[in-house]
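Each remark here refers to the structure printed beneath this line.
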Amino acid sequence: MLRKMSFAIIGGDLRNIKLADSLFSEGNSVYIYGFKKASFDVNHKETECIQEAVMRSEVVIGPLPCSNDNETINTPFHDGKILINELFKAMSKKQLFIAGHISEKVANLAQVYNVYCIDILEREEMAVLNAIPTAEGAIQIAMEEMPITLHSCNALIMGFGRIGKILAGMLQGIGSQVYVEARKYADLAWIKSYGYKPVYLDDLAGCLPKMDVIFNTIPSIVLNANMLSIIKSDCLIIDLASKPGGVDFAKAGEIGLKTIWALSLPGKVAPVTAARYIHETISNIIDELGV
Amino acid sequence: MLRKMSFAIIGGDLRNIKLADSLFSEGNSVYIYGFKKASFDVNHKETECIQEAVMRSEVVIGPLPCSNDNETINTPFHDGKILINELFKAMSKKQLFIAGHISEKVANLAQVYNVYCIDILEREEMAVLNAIPTAEGAIQIAMEEMPITLHSCNALIMGFGRIGKILAGMLQGIGSQVYVEARKYADLAWIKSYGYKPVYLDDLAGCLPKMDVIFNTIPSIVLNANMLSIIKSDCLIIDLASKPGGVDFAKAGEIGLKTIWALSLPGKVAPVTAARYIHETISNIIDELGV
Amino acid sequence: MLRKMSFAIIGGDLRNIKLADSLFSEGNSVYIYGFKKASFDVNHKETECIQEAVMRSEVVIGPLPCSNDNETINTPFHDGKILINELFKAMSKKQLFIAGHISEKVANLAQVYNVYCIDILEREEMAVLNAIPTAEGAIQIAMEEMPITLHSCNALIMGFGRIGKILAGMLQGIGSQVYVEARKYADLAWIKSYGYKPVYLDDLAGCLPKMDVIFNTIPSIVLNANMLSIIKSDCLIIDLASKPGGVDFAKAGEIGLKTIWALSLPGKVAPVTAARYIHETISNIIDELGV
Amino acid sequence: MLRKMSFAIIGGDLRNIKLADSLFSEGNSVYIYGFKKASFDVNHKETECIQEAVMRSEVVIGPLPCSNDNETINTPFHDGKILINELFKAMSKKQLFIAGHISEKVANLAQVYNVYCIDILEREEMAVLNAIPTAEGAIQIAMEEMPITLHSCNALIMGFGRIGKILAGMLQGIGSQVYVEARKYADLAWIKSYGYKPVYLDDLAGCLPKMDVIFNTIPSIVLNANMLSIIKSDCLIIDLASKPGGVDFAKAGEIGLKTIWALSLPGKVAPVTAARYIHETISNIIDELGV
């Protein structure tokens, strides 16, 4: 992204404010709207109305996630509501709308208003980069909750996708004994190549009883009642998978296993880093489009 | 692979003999043919003829690569020739033929003879596992050829596929400053996540002049005359890409750059490990087929 | 430590209770005293009086640190006071007293009562092992306090003793850019050999301005007013050095730098691991003495 | 070393020529003598006689090792002999003589001639830095000699001094299962902290039979007939210890174990890096002396 551009930042959390700072610091013009009630410092003056912010900008950036109800923009720090169609109405064909988790309904609405929109969380590089603060957040939680060190402990990661890969590397770097469960032979080959202990799904039951901490990344109940019943009582289970998660939480609670369902970690544990990754990905999008 | 089975090992190099040892040591029956002139120790007696080996076996294992001429089996240690159609004629419908790099021509021949054949080098896990000895072989060559240590040196890897990933990890583990060139934003995100220095293709020219060693894994001439002209005269270039390779070797020779085109490393630098990986992959194939 | 022995555990914190569990689980007899007000679970029944615990044991284990006032045993969970001379009076010549940070005054008292005592924190292996939970605790604090990831951040460690060495390895394992400041040429050579960026004391001023987090391990004010003045305003400073620490805290507060003086981390962040290391070291002591 | 200085380089191997290049490239004056028969390129013209080289220089640098017979300088590429006393006679009180492994006899001679001499191999930072090419050389040999990859293999390092520490880190970085044998409890604690498998000397016999490669760094016969008898027949033994080494080589040969006694690796496998480390250490010496 070589030339200076103008951006409207509409709603969202601390990440979007940090994104505004970061875009501004590189010489871009930035117009923000939707942060009047923010508890953190906001270095930019809000525009009078959403239309002003949009009108002055080439690119409009919405929140991650874009909306929780498919009708209003997700604006936790705004003193009112911003309707999605109000925003789209204010936009012209030449503008670009970038936000996270744009639902089919919102995408359809965008088409109606002739708004070109891009879901930043669908970008592969964003998903990879987001896995970094997610993995660190998971490690922070484990450190806070466990009375033993991660160093030397037996840590199982279920799933070897983006988060699984990065988390495994960090845990190994701290000194954990890293076990990774996967299904595909090729994944097991990768796991072995990195020096982790591969756990084939069929062997999971043999591995579970000796684990000190389990990180799940698979959005499907693998840790069911049977599996939970063979886990050590002082083992910590951290579920990083989106709904429905990978743990039978009710059963786990019943037998007294400590479980933590940790979602949306990047914005919580490292908002500045998360904002930088959003910035980088927006630059890539703009470069690709040749805007 | 739980039950004991019978295998014919037909031709190939030291890896196939080590594979025979390994299969035998797990209680399987093994019949070999095509190793009379081997310079290494062979612990198994050859069968009288190829038909005997095939007849006594459930699975027939050929060489990697299967054939160099599409007509005869690749048998560097046999005192004659084995025609592929002779082998296929001896096989029944119930048997399985496993070999490496089975060409379209050979595959067609197999169909004519009703032989079910599987190319082991098409298996993703085999390709991943093979990247381990390949990466180690590349490191060995670099250590042998360079008057400086890999520790602290600037090492560039071009391409972030299987070999690139594993080689990058090992070089970092030895203490090199690892640069990785890639094209896709997602790959660059991965490269960054592992702590290597990402080099976008457009920035390659800026990076090349300070490199001490370059490992290419891209089968397309990236290091052309222009690029070669900005590389340090004492930089070593190791090309790991299959034909046509990634280096203009003629030009490199002209300007006095040392280049090594290193192919088929697993069988050369670690035949026993390579055989173990073939064994594992054959077990996976058999498990999947439910033979 | 092959044969089963008997131990009195007198006072201390959760670590001593976990130590009691751990000694007991290996078949030893354990008598505890000084935990009546503990908020955590205690699986062992206290003896009637301190004399009973001592009389029944071959080895008497005190707290870490042994005493805060040189007169009473450090017993945060006891409903009264235990005088050190009361304890020593109850002990015989054949018994061994093990505790942490035994001051000269307490050591003199031990001599008066003919008690053979060993300071476990003077044991080199204990000091090394304790550096593991200390380093992890420091990382946990950094993760909690920083709005960026440790991955990719610039982290400076001042001092390359036990904590510095282990912390550097863990930070590198998570993906930080690790800088280590040291004075001796040999230490700088070690730092380089591990792939960290060596910072010679004279070059500290050049390095400080780009740091995101600084971990000090040197018990002498290196980060004085001058040095603090060139540190980024959002840099976090974690001081792990015992008194007087390495930071001019007053000055840091004045200019708005966030500083955390984190002491005694092992017992706080990983009491179970800390107890295991105490157990291992006690076993080594007993083996060496041939008790 | 800030100001430009003048150096005489007298005898030695490729390292000393690379050192001359390196000193010259930083703007120093360099006079060489003793390389007339060198098979490698020498970019500097020799002086007419040794006296000329010495007279023109502030610092005189000899070979590593300085001498093999205590009478002549070690000059493998000179067309004659250089007597040590001839060199010392030519030197003045104000000059400095730096070389490697200066024997007591040579040191006494220096005193007679009033020559201030420093043994560079006695410098701790030089010893640490030299361990880097030594470890890499050991890995290169292992890769060349073993038919399996270092990745995934069981590698035992005996001794946890400089070479042991750096070699362990590199092997772990390549993916070996690293076992380290040591005697002191503190060393075993360090070994554990780095994630290697600690092997207490008493447990060596239990560990040896499963090793694929053994690197010895202890200059005392630990691998005696008894120990050798329980090692796998295809295990490779690389001895890096100076005389008498750590292996009963005769016995090993008798029972058919492959052993390699690898000494003086830095000059052999990475002369340019070795020269750079000599250069750095000479700079440190000069800085410390405030010459």
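Couple of notes before you dig in:
All chains are identified by letter, namely A, B, C and D, in their written order; residue positions are counted from 1 within each chain.
Everything that follows uses one rule, which is that contacts are C-beta pairs under 8 Å (C-beta built on N, C-alpha and C of every residue); 3 or more make two chains touch, one makes a residue touch a chain.
Computed from a prediction, not measured in an experiment: that's the story for all the values here.
Two chain pairs, A-C and A-D, are weighed by contacting C-beta pairs, with A-C ahead. Taking the mean Cα position of each chain as its centre, D sits at the greatest distance from subunit A. For this pair, subunit A with subunit D, the centres built from the Cα atoms lie 51 Å apart. Note: centroid distance subunit A to subunit C, computed from Cα atoms, is 36 Å. Multi-chain contact residues of subunit B, defined as those touching 2 or more other chains: 132, 151-152, 169, 175, 192-194.
Chain contact topology: the protein chains form a complete graph, every chain touching every other one.
Looking at the complex, you find that subunit D touches subunit A at residues 151-152, 175, 192-195. If you check the complex, the residues on subunit C that touch subunit D are 123-129, 131-132, 166, 169, 184-186, 188-190, 192-194, 281, 284. Residue ranges of subunit B in contact with subunit D, taken from their complex: 18, 132-133, 136-137, 139-140, 143-144, 146-152, 169-170, 172-175, 269-273, 276.
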